[in-house]
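By letter and in written order, the chains are A, B and C; residue numbering begins at 1 in each of them.
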C-alpha cells in the first residue's frame, strides 16, 4: 500500500474540494462587493443593522430554544423508559422517529393547516400564540429523528439499566436517579441534539412560511427576492452558524462518557 | 423499588391489567405527541386524497394526478431532478468516500471531509441557492473569472443556471455529503484481510473488486441512492429560493396550492401531498430493505 | 539446508528508522511444520507477511521451491494463507468461498465442485456448502478458511495466529485438526502464534523470536530442554531461578544461598566471584533424595497447593523461591508449610542463563 496516497485519491479529493469551496469563496467575494469599486463588509453591516434581521433572527432563536426544551421533554423520558422497562417498544418508536424523514415538511405543515385551523377541535391557528406554538411543535417534529438518535445513543453508552439498579440498591428514589445519575451522563448527548435542532430551526423555511410567522428562513427568502448583496452576506452568516453548531457537536463528542465495558 | 413491588403484587381477580397503565404513563407523552402532530395530520391528508369535497370516497383525485398535464409534468420534473441529483450525488460521493477511506491519504483529509460533509448536508435552502447564484449567476465570481481571465463568456452560450440542470447541480451540494457520511462506514467494513485473502488465492485487484467488493457494497450503495432520491424529492426551500415558483416541481406546486388553492380543488391538493408521501414512502421502504441486507454482510 | 523448500535468507525489514525484523534466517524442509513463536511486536507476523508478499523486505531474499519470489506479488506466489479474523467473503456461500481460488484460476465448474466436496470432507463439514459465513461459528469459519486456502493446492501454507480468536476448547481441537490435515497433504507450513503450548504441541520445529531476531530455531524438545538464550528459557515453559556466586571455576563450585553446589564444567566462561543465574524446570526438581539427582539444596516449605492428582509445592531456598510439582500419594500427607525440606536435581538439568 503506497504511503503517500494514490494519485487518483488526491485528484478526486481536490475536485471535490473545488466543487464545495468555490461557491463559498464566490459567495464571500460577492458579499463584499456592496460598495462600488472596493471590498468592504458593508453588506454585513447593513444586514446586522436591519431591524428585520434582528427581529426575525431573535424570533427563530427563541423558537429554537423552545423547540429544544420541547424535544428534550418528549425524548429523554421516553428513551429512558423504553430502554429500562419496555425494550419491546423500541422498533415502534424508532419507526415513528424515522417518519419525519419520510414525510416532507411541506406535507406535515399542510396537515397542520387542515387539521388545526380555526374551525377545528384544536384551533391552534386561531391565535398568533397558538400558531407560534404549532410552529414550535412542527420544528420539534422535524428535529425528532436527530434528537432521539442522539439521546438514545447516549443512553446506550452508559448502560442505563445497570446504573439505575445500582442507584436503587443504594436507596435512591426516581427523582434522584433521573436528576443525579442519568441526566448528567446524557447531558452531552442532549446538547448534541440541541445544537442540531438549533441549526435546523434557524434554516427552516417551509413551515414558517406557510404558517406566516416572522422567522429567519422566510426573511432570508424574502431578502433574496429583493436585494443583491445582502443575501450573499446572509448565506455566509448561515454557513458559519451551521459550521459552529456542527463543530460544537464534535467538540462535545470528545467529552461524552465512554462505556467502561466497551472501551473505544 | 416501590414501582416494582406494586407491579409484582399478586394478581387478584380483575386486577391483571394493573401493571400496564403504570408502565405506559412513561411513554404516553411521546405517543400522544406523535399521534397528534405526525400521524393524524398525515392520515388526514391521505384520507382527504380519496374523498370528494362532500366526503364520499373517490379515486378521481389520484387519477387526476396522472391526467392533469400540469400535475403530471410537475411530478415528472421532480422525479427527473431527484433521480439525477441522486445518481450523480451517489457516484461522486462514492468516489470521494473511496478516496478518503482507501486512497492512502493523510488522516486530516478524512476527518476534515467528514466534518465538512456533516455541515454541507445541512446547508440547504435559501443560503445554498444564493451561494450558487453568487458563483455562476450573471454577476457570479466564476462567470466573471471565465470571462475576464479565460475569455469565455458563459452566458453567450445557452447556459442557464436557473433550470432543472442548474437545480440538480445545486442539489449535489447536500446530496454528495449525505452519500459520503452514509457510505464511509460501509467502506470501512470492507476488511483489509479480504483483499489479502483474495490475493493469496490468486485474484487480481479487478477480480477482487468484481467478485467481492462490489457485491458487498451494492446494497449500501443502492440504499443510499434511494435515500438521496427521497431527500431531493421532498426538498423545496432551495428550489424556491432559486427560481421562485417558476420551476414546476411538486413541492412548489403544493406550496402554491396551500397558499392559494390554485388548483381550485382542495382534495386535489391532498392528492398531491399523498403522491409525495407515496413516492418518498416507497423509496424509504427500499432503503430499509437494502440496509438490512447490507448490515448482514458488513457486521 | 540443501533441499530446503522455503528459504528465508538474511531478511530485514525497516519502517522508516524502526527496524522490525533484523537478519532473519530460516530453511524449512518440504512438508515441515514450523512455528514462529514470540510475544507481540517480535516481528513474527511481519516475517510471515513478507513470505506472503504483503510486505517487501528491506534486505534479503525469500525462495520458495528454489525460485526467488522476493519481488513477486502475493497473487503470483501460489501460497495459501489463513488469517486470524477468518476473512471469509461474506457475500459468497461456503462452497463459493472454497472454490474462489479455483474460479480465479479458470478451473471448469465440474472440477471446482469436485474439489470443493473433497475439501469439505477433509475438514469434516460436508453439509455446509450452501451456508453463508455469518451463519457459522468461529471454529467452523476458520476450518472453511483453511479449506479455501488449501483448495488450489498451494505449495506453501501460512497461518497467521489462526486460533487466537477462538474459544479455548475449540482452539485445542482445531490445532490438532490443522496438524493432521497438514501431515496428510504434506504441505510445508508456517504457523505464527504467541501461545507456547500451541507451538510446542504441533510443530516439527519452532523459531522463537524476540525483537526482530530468531533467538533459537529447533525442535520443541530442544527449545524446552536446551534453551540457548535467557529469553527463550523464560518465554517457553516456567522456570525457577536461583541466584549464585561462582566460587571456583575449575571445580565448578557455586555458592547458592547457604548451600554450595559442585557442577564441573558448567562455569567455564566465568571466573571466581561472578554472579550467575541458575535456572531449573519445575519437573527437574524433586523433594528429598531421588536417583540420579546429584545436587542438593536445603530450604523451607513456603507454600503448598493441593490440586488433586498434583501437589504444587513452593520451597524457599535462601532468598529464592522454587516451584515444583509432586504427585499425590494416598499414603503420604502433603508437606506442611514451615517444614524444613531439601530439593534435589541433576547437574545436567541446570541451565546457566546469560
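Methods note: contacts are C-beta pairs under 8 Å (C-beta built on N, C-alpha and C of every residue); 3 or more make two chains touch, one makes a residue touch a chain.
Predicted, not measured: the structure shown is a model, and the values here were computed from it.
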Chain pair showing more contacts of the two, B-C and A-B: A-B
Chain whose mean Cα position lies farthest from chain A: C
Between chain B and chain C, centroid-to-centroid distance (C-alpha), Å: 55
Distance from the mean Cα position of chain B to that of chain A, given in whole angstrom: 17
Chain B partner contacts - residues on chain C that touch it in the complex: 52-54, 73-75, 77-81, 83, 85, 87, 89-92, 100-101, 103-105, 134, 145, 148-149, 152, 154, 158
Chain A to chain B touching residues, read off their complex: 1-6, 8-10, 12-13, 16, 19-20, 22-27, 29-31, 73-75, 77-78, 80-82, 85-86, 89, 93, 96, 98-115, 122, 137-138, 140-141, 144, 168, 174, 199-200, 203-206, 210, 217, 220-221, 224-225, 228, 231-232, 234-235, 238-239, 242-243, 246-247, 249-250
Chain B - residues contacting chain C, complex: 191, 193-194, 196-204, 207, 211-212, 215-216, 296-299
Chain B to chain A touching residues, read off their complex: 1, 3, 23, 26-27, 29-30, 33-34, 36-42, 44-45, 48, 92, 95-96, 98-100, 102-106, 109, 113, 115-116, 118-120, 122-132, 134-135, 139-142, 172-173, 176, 230, 233-237, 240-241, 244, 251, 254-255, 258-259, 269, 273, 276-277, 280-281, 284
